[in-house]
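Each structure below appears as structure tokens.
Shared between the two complexes below is chain A, which pairs with chain B and chain C, respectively.
For the complex of A and B:
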């Protein structure tokens, strides 16, 4: 667990050490749908760029304060020269703020190779699969141009198998979590998932296998009083102190749809057939696995997914972690709120910030929520 | 079984204590200023309430704490958040209340409650002291006026001014500027209270406007705050007689629930008590050799128990 925590705590430090050790290239990427398998097959280290724990400093000069903490932190890290370890950065267009951050970083790092990866956001049109395949093919070609070597299908298949294995192992931890007796708390789960976004996948998988053996043989954790689901945070990891505070209020987190959680590992890539078609399929399946408010799919509802997850996990309520100024989340949240109120499932909205969070006040709100859930249960 | 429970609201500027008997009636209550060492204020409040009730801490069956210092009280058996306790206390004071506005020293909250006094939804200030008693305190100091006098002076406002910042420090600058421009103290104070009311309406909007609305907390004693909040809400506020003790009362009531539930086997109603005694008398009358004078027969000359008052059995009887 210490090695997971170390990589989660200092992802760029991990990348630097890996680069010095292997002499290979590092590609940093914006979150969401980056196919790490492709970059891995191209013999590079793919890493999802992480929000820094440091306050925003020089970045204030490039992005307005009403951009989300993730984008402001990305730009701040770029301005301060923290991204020197990256040989390329892959941007996505999941929201307007990510696009703004991409422009600001591009200006700051003119010598860093930029790869722009665009995916169709309408998920249930007849042409969605085809257009997605085009995007993944273009990305493959660009990566080949960047590394100067072709990516063979066999290598891509091997990377897909490795990534699937890694995801599958983390899903086993999530299965244990549903029982409410998993020996890993929310911060440790975050370390596992976050480090998976950063570390060499083979190394991470090896450590994960050892961890799972250890966890499966460990005594069950003492159950806390209230079982809750955590939802939200599509790009950045919730701050560990927030997760700790929630659990200190007597909560057992039995499931989540966080990006630094189940959302990241929910869906596997088909291992048979054309790998590009497989990646396109994975992209489509991810949105039915755990719906994303940045995608449009008429036959998929995030709120219905959440209610179903809560039933399966036997959760008694949900805490929504909304990153301040996250437009897709703000846009979709009223539907979730309405659906939960209609279903009579208690939920609490917590708006999180990059800095200046009043934890004591938040704790009072979470404690009150726990008291409400308990009273409803008793009534 | 002990006959009293206690609720303590360990607030930021005042400590409140309520002592209840097992029927849920207030036996004593106390409000004390915290002073520099908050623990002393709480001890003072608890001692005062105990003295008023003629009790010692050892006579208290259950103590529940609330407020920002709720976890620091050694005497507390349990603690609950001020939101849960204010909701419970406010509904006990005003049984048909559906919305509670509580403005205390360092936080303000709006709570929608169901008919059982349970929290349905809530919103509270989560960033600074905007719209709280502390906001008023800072501005009272800036305007060189006693906190207790602010409300009455603000009600004399003739001109509508605006304080745009809700940060106490920035608002202080605005207040000083307005005074320097020659505006009167009542007008400036009117603007200060209007700013609090607007902020409160924002919290109401997050929870949903509904009535009847009860206002608790120390600021409920400020007539200008009440006036401007009513104006913003366009609804009347119901003011309990002692709005400051709502949280402590709620804590005591929750403690009473727990204590009664735990000692249910020791508690019976008056009706059950009478029926039990009559039955025992009848049983005794049938014992061979009995002289026909049941030991436990009810003597009609005896004073009957007060309706609604819970009674404890003698311990030998309860274990029989």
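For the complex of A and C:
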């Protein structure tokens, strides 16, 4: 767990050490739909760029303060020269704030290759699969041009199998968490997932196997009083101190759909057939598996997914963690709110910020919410 | 004289008389929209790209979301819609165009839809929009557009068929990339054109009739001409004093962007004639033009007249802007009236944000040079990140490439509460001081 925590705490430091050790290239990517398998098959280290814990300084000169913490932190890290370890940066999603960050980063890092492959965000059009294949093919061609070597299908299939194995193991931890068999708190789960976004996948998988063996032999987690689901927080990880504060209020987190959580590992890539078609299939399947408000798909409902997840997890309520200024989340939240109110499932909205938050005041709100949940249960 | 302490004289913007016609056209259009259901018309809601000719040709009533929100803000009647949206849970930092329009959708559903019960107030424009029979989403650059349309569909219980046209961003990284050129430009043009043709099939399914292509061709011939007239009139504002301002072109957005095509060509003929006459007479858009400014950013719709008069009092002619001069059928030459679809797709692709910053900045610098501006005023609109994304880079380019000062102020598209009047005053006055100081040094 310490190695997971170390990589999660200092992703760029991990990448630097890996690069010095292997002499290979590091490719940073924006969340949330980058197929790391492709970059891995191209013999590089794919890592999803993480929001820094540092306050925004120079980045204020490039993006306004009314942008989400993730985009501001990305630009800030670029301006400060923190991305020196990266040989290339890739992004493919078209959230308007990410586009602003991408433009600013390209202007700031003229010597770093910044690659854009635009993924279609309308998920149920007749051409969505085809257009996704085109985008992933373009990305593959860009990677091949960048590394100077072709990416063989066999290598890509091998990377897909490795990534699937890694996701499957983390899903096992999630299953054990649901049943109470895994004594892992939310911060530890975040370390596991976040480090998977950063670390060499084979190394991470090996450590994960050891962790699962350790967890399987450990005594069951001590049951706290209220079982809750954590929802939201897409591109960036919720701050560990927020997660700790929630659990200190007498909460057991039994499931989540955080990007630095179940959303990241929810779906596998088909291991057979054309790998590009497989990656496109994965892209579509992820949104039917765990719907994301950054996509539009009229025949899939995030609110219904959440209510179903809560039933499966036997959760008694949900805390929504919304990164301030996250537009997709702001759009969808009223749907979730209405669905939960209609279903009589309590939920609490917490807006989080990159800058320090008034944790004590948040704690009072969470404690009150926990009491509300308890009263509902008793009634 | 220190302009910061110069007493404000009661100068006013010398608005184009012909823009009054735009006001009437806008009113007539919305009256038509409000009557649409009574007249048995199908209604389509859409945002962003000007797909209205496709709908107008098929005799479908079109409702442009931003236009409705802007109209409410311009009439200072946006408050109810924004309050209704907030009550449903839409947070204040969300695009205020969308928030206002979604407030109308929620209000419509509550008063006339599945949850009907309350009696609508006849004077409240919030509820008056006819509910959509279809939604078409065709939004360039800003992810918010597609999500807004999706949420609108959900407000109406997902009972309204929706069609999505995906318009890619022009990243422009290849060596051949540039404005209206390169492989990426051609490929994205084809991609959007293919989707527009599928959109027409969607329209045919809704109307149950074959699509009247001839009517579209005729409408696009008129739009092409109207666009040429508009651009010609704008071009004449290189004259000193400038005969019309950015604010006149703001008022002229609705005619070129979303009003019924018949009447639009004539409107711009009238505008062009008036601009020509002013050039002949040496009549300026501000009484005493001393400064020429570029306006970067979207409009603050609650403040159009207010800002026009404010800049007039500063003797500052705002001669061009990104919002007005880089959008709205901006490239009429691309439209072939006998086969307009690809050219329409290309015009949708060149909304004022849909090119990556290097291309965008080059275009803006070109406009600043052409209109011989002394400075740039930048509207940092709180909830419109599509416009604010490149603004620091634009400001830097203005300083470094053109050597002109810039001034940023905070506001918003339709949420007046974000507008900071004193910030605007002090910052623009400081910029004008800087311009004066440079002139003195140069002299």
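Points worth noting:
Throughout what follows, the second predicted complex is superposed on the first by the 376 of 379 C-alpha atoms of A that agree within 3 Å, B and C clash if a C-alpha of one lies under 4 Å from a C-alpha of the other, contacts with A are read in each partner's own complex, and residues count from 1 in each chain.
Just so it is clear, a residue touches a chain if its C-beta (ideal position, glycine included) is under 8 Å from a C-beta of that chain, and two chains touch if they have at least 3 such contacts.
These numbers were taken from a predicted model, which means no experiment stands behind them.
Once both complexes are superposed on chain A, the partners chain B and chain C fit side by side without clashing.
Residue contacts after overlaying the shared chain place A:197 against neither chain B nor chain C.
Of the two partner chains, chain C is the only one that A:103 touches; chain B does not reach it.
Look at A:331: by the touch rule set out above, it reaches chain C but stays clear of chain B. Using the contact criterion defined above for the overlaid structures, shared-chain residue A:365 touches chain B, although it does not reach chain C. Within the superposed three-chain model, A:118 lies in touch with chain C and out of touch with chain B [touch as defined at top]. Chain A has more of its residues touched by C than by the other of chain B and chain C. Overlay on chain A (Cα): least separation between chain B and chain C is 7 Å. By the touch criterion stated above, chain A contacts chain B in their complex at residues 358, 360-362, 364-365, 367-368, 371-372, 375-376, 379. Note for the complex: chain C touches chain A at residues 88-91, 93-95, 98, 137, 141-144, 146-151, 153-154, 158, 162, 164, 166, 168-169, 171, 173, 191, 195, 198, 356-358, 380, 382-383, 385-386, 388-393. Residue ranges of chain B in contact with chain A, taken from their complex: 68, 80-84, 107, 116, 118-119, 122, 124-127. Interface residues of chain A, counted against chain C in their complex, comprise 61-64, 66-67, 94-97, 99-100, 103-104, 106-107, 114-116, 118, 120-122, 125-127, 131, 293-294, 296, 298, 324-325, 327-328, 330-335, 337-338.
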